[in-house]
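Two complexes follow with subunit A in common, the first pairing it with subunit B and the second with subunit C.
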Partner chain A sequence: MASTYEKIASTTLNSATASITFSSIPNTYTDLVLVLVPKYVSTTATKLTINSDTTTNYSATWFYGDGSTAGSFRLSNVSPVIINYFNNTSAQSSMNILNFQNYSNTTTYKTYISQNNNAGAGTDAGVFLWRNTNAITSIKLEPGTGNYDTGTIATIYGILKA
Partner chain B sequence: MATYTLISSNVLSSATSSVTFSSIPSTYTDLVIRASIRDNVDSNQGAVAMTFNSNTSGYGAKDIYGDGSTVATFSLSSIAYGWAGTITDANLTANSFSSHEIYIPSYALSQNKNYSVYSVVETNSTTAKFLVSGGGIWSNTTAITSITLAINTNPNFASGSSFYLYGISNA
Partner chain C sequence: MTPMLGIMASSISGSKISTSSYESIATATGTGSSGTITFSSIPATYSHLQIRCIARTDTGFATDYIQFRFNSDTGSNYTYHGLEGDGASTAAFGAASQTVALDTNITGSAATANAMGAAVIDIIDYASTSKYKTVRTIGGQDQNSGSNTGQIRLMSNLWLSTSAINRIDLTSYRSANWTTSTTFALYGIKGA
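Then we have the complex of A and B:
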């Protein structure tokens, strides 16, 4: 029986780096899970680009809380969008878990969801739409400003339904 | 090595005050706990209290929740446990249990430990329904080798509550 939850690729940074790209993602899975444990050089958030598409094909809706204020926020018709509402300072640790459902079909736009947790700044959950019917074959992660620092870990897994 | 592996599980056959996963190997990258929980006290409104390595200091959290009418947020700092989701009380709809997923990345590395929580209480009543998303931190650089789950207001987990610990490897 095939394994149902497989690592596709993983990166642990040994030096400060501007971006992390998972390329040549096979279309043999049903869903993708991306786990990012970032360390930032500057105070910033992570921007995600699919298939090198830098046009305004993205939209997003978040809900968030920082311990005193909860709210919701959205963006539409934007270029590659950040996946976490709260910025992270270089001293704070945080984590993102992203789920991409049905990422390899070629008939629908792609929806993905993110949960971001930073006990120092706040927590947020977001849903994102990439208005493109192409299969997702690459995902680029990059800080909004500055670099990822040494020790950043990013791993992408594939989930099989069969 | 398999990528997503069951390390240990515990399905309770009687009311129990705590569940401990001990001797957790350091061979995985991340840990995931999936639990289905009910307590044995009416109107308790407790939450899962998670401690690592029997250590009771250095925990903090920020969470958001909705109950169908209100969205709110809360913050915890310098508390004795990791907050990991509201639990279904004994007086709520029979046979209903809260669901919890706790994700702990990089648990064996020498750095402070983040974790995320996603939990729900849904009872088909107006009394209790919570959707919680949040995260916490244990400000300790020691590798996690044991995890204890209890209830912060001290009742027991009810019979039928289940707890599963998985290891995820990116090797």
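Then we have the complex of A and C:
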């Protein structure tokens, strides 16, 4: 049986950077898994843009817990959307894992799922819809405000099927 | 193999590595006329299984749910707990003595066109013959607008059997058919 879980690319920032873009993503995998360990210069969250599409083709549904309250939240018809419900301060560390299933098919909109852990603020999970049937070829990550700081790590993996 | 990927950031490290610990076992696609997708003759050579999917059914509802059975067991041997957010509120739920495992939300034919549910389903220590089988799932669907616009769900299922899992039947809660855009992929994860 074939080996099927491959690291495609990874970056670790050694200076403050406005964004990280994985471009020219090959269509040779079935799914993508993106792991982001962000460090921010200022209090913010990460915004994700697919294929440079900055129109209002995104929507999302989250639920979250902050240590005392659980809740759910939705955004519809929005431009590139944040992937985590909770903002990070510059002193907090967190982790985001995103799954993009069948990212290269050209017949369906793209549904992707995130799990976000920020021990300083809360934990959340979200399901996202990008209303476009194009294959995903690039993913841009950027803070809502300010820059990613030194030490931010982003890695993208590809998963094959039988 | 040289990676065909660009990274626009500093400290680039783009070498591609392969691991032999995560393997594709089988992939199945919906036919549009069948409500069951089956993985059978699953080898016991892995430590864990993972199912990754995008799914939609032809139910007249906007939402549907994945169900599954192990080893064709139709007894009251399934129990679950779930946590869900629908964009406005959260809910916790559970049930015991079920004849089928209830899993995450997906879309039906009344959903926004081309919108799919998605899920990652982990089946832990599936080949054990000394313990019951625990399954965890993160999944959901978002339709942008309309009723039942979106749900995100965490599920835990338990199959009260010590038999090794060698067959998985995936069905629709609403007894509908899997659309041709549906894909379930089964992977095996090796231990140390």
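Going forward, the second predicted complex is superposed on the first by the 160 of 162 C-alpha atoms of A that agree within 3 Å, B and C clash if a C-alpha of one lies under 4 Å from a C-alpha of the other, contacts with A are read in each partner's own complex, and residues count from 1 in each chain.
Definition applied: a contact is a pair of C-beta atoms (placed from the backbone, for glycine too) under 8 Å apart; a residue touches a chain by one contact, two chains touch by 3 or more.
What you see is a predicted model, and the numbers here were worked out from it, not measured in a lab.
Superposition of the two structures on subunit A shows subunit C clashing with subunit B. In the superposition on chain A, A:Q115 contacts both subunit B and subunit C. Within the superposed three-chain model, A:V41 lies out of touch with both subunit B and subunit C [touch as defined at top]. In the superposition on chain A, contact of A:T123 is made with subunit B only, not with subunit C.
In the overlay built on the shared chain, the residue A:R131 is in contact with subunit C alone; subunit B does not reach it. Residue contacts after overlaying the shared chain place A:Y5 against subunit B and subunit C alike. Of the two partner chains, subunit B is the only one touched by A:S94; subunit C is not. In the superposition on chain A, contact is made by A:F63 with both subunit B and subunit C.
Number of subunit A residues touched is higher for C, counting subunit B against subunit C.
Where the contact sets of subunit A with subunit B and with subunit C meet, they give residues 3-7, 10, 63-64, 70-72, 115, 125.
Against subunit A, in their complex, subunit B makes its touches with residues 2-4, 29-30, 60-64, 71-75, 103, 105-106, 111-112, 114-116, 118, 133-137, 168-171. In the complex of the two chains, the subunit A residues touching subunit B come out as 3-7, 10, 35, 37, 63-72, 93-95, 97, 115-125, 151, 153, 155, 157. Chain contact summary for the complex, subunit A toward subunit C: residues 1-15, 17, 19-26, 30-31, 59-64, 70-74, 76-77, 99, 101-102, 105, 107-109, 111-113, 115, 125-129, 131, 133, 154, 156, 159-162. Partner subunit A is touched in their complex by these residues of subunit C: 3-27, 52-54, 83-90, 112, 114-120, 138-145, 149-152, 154, 181, 183, 185, 187-188.
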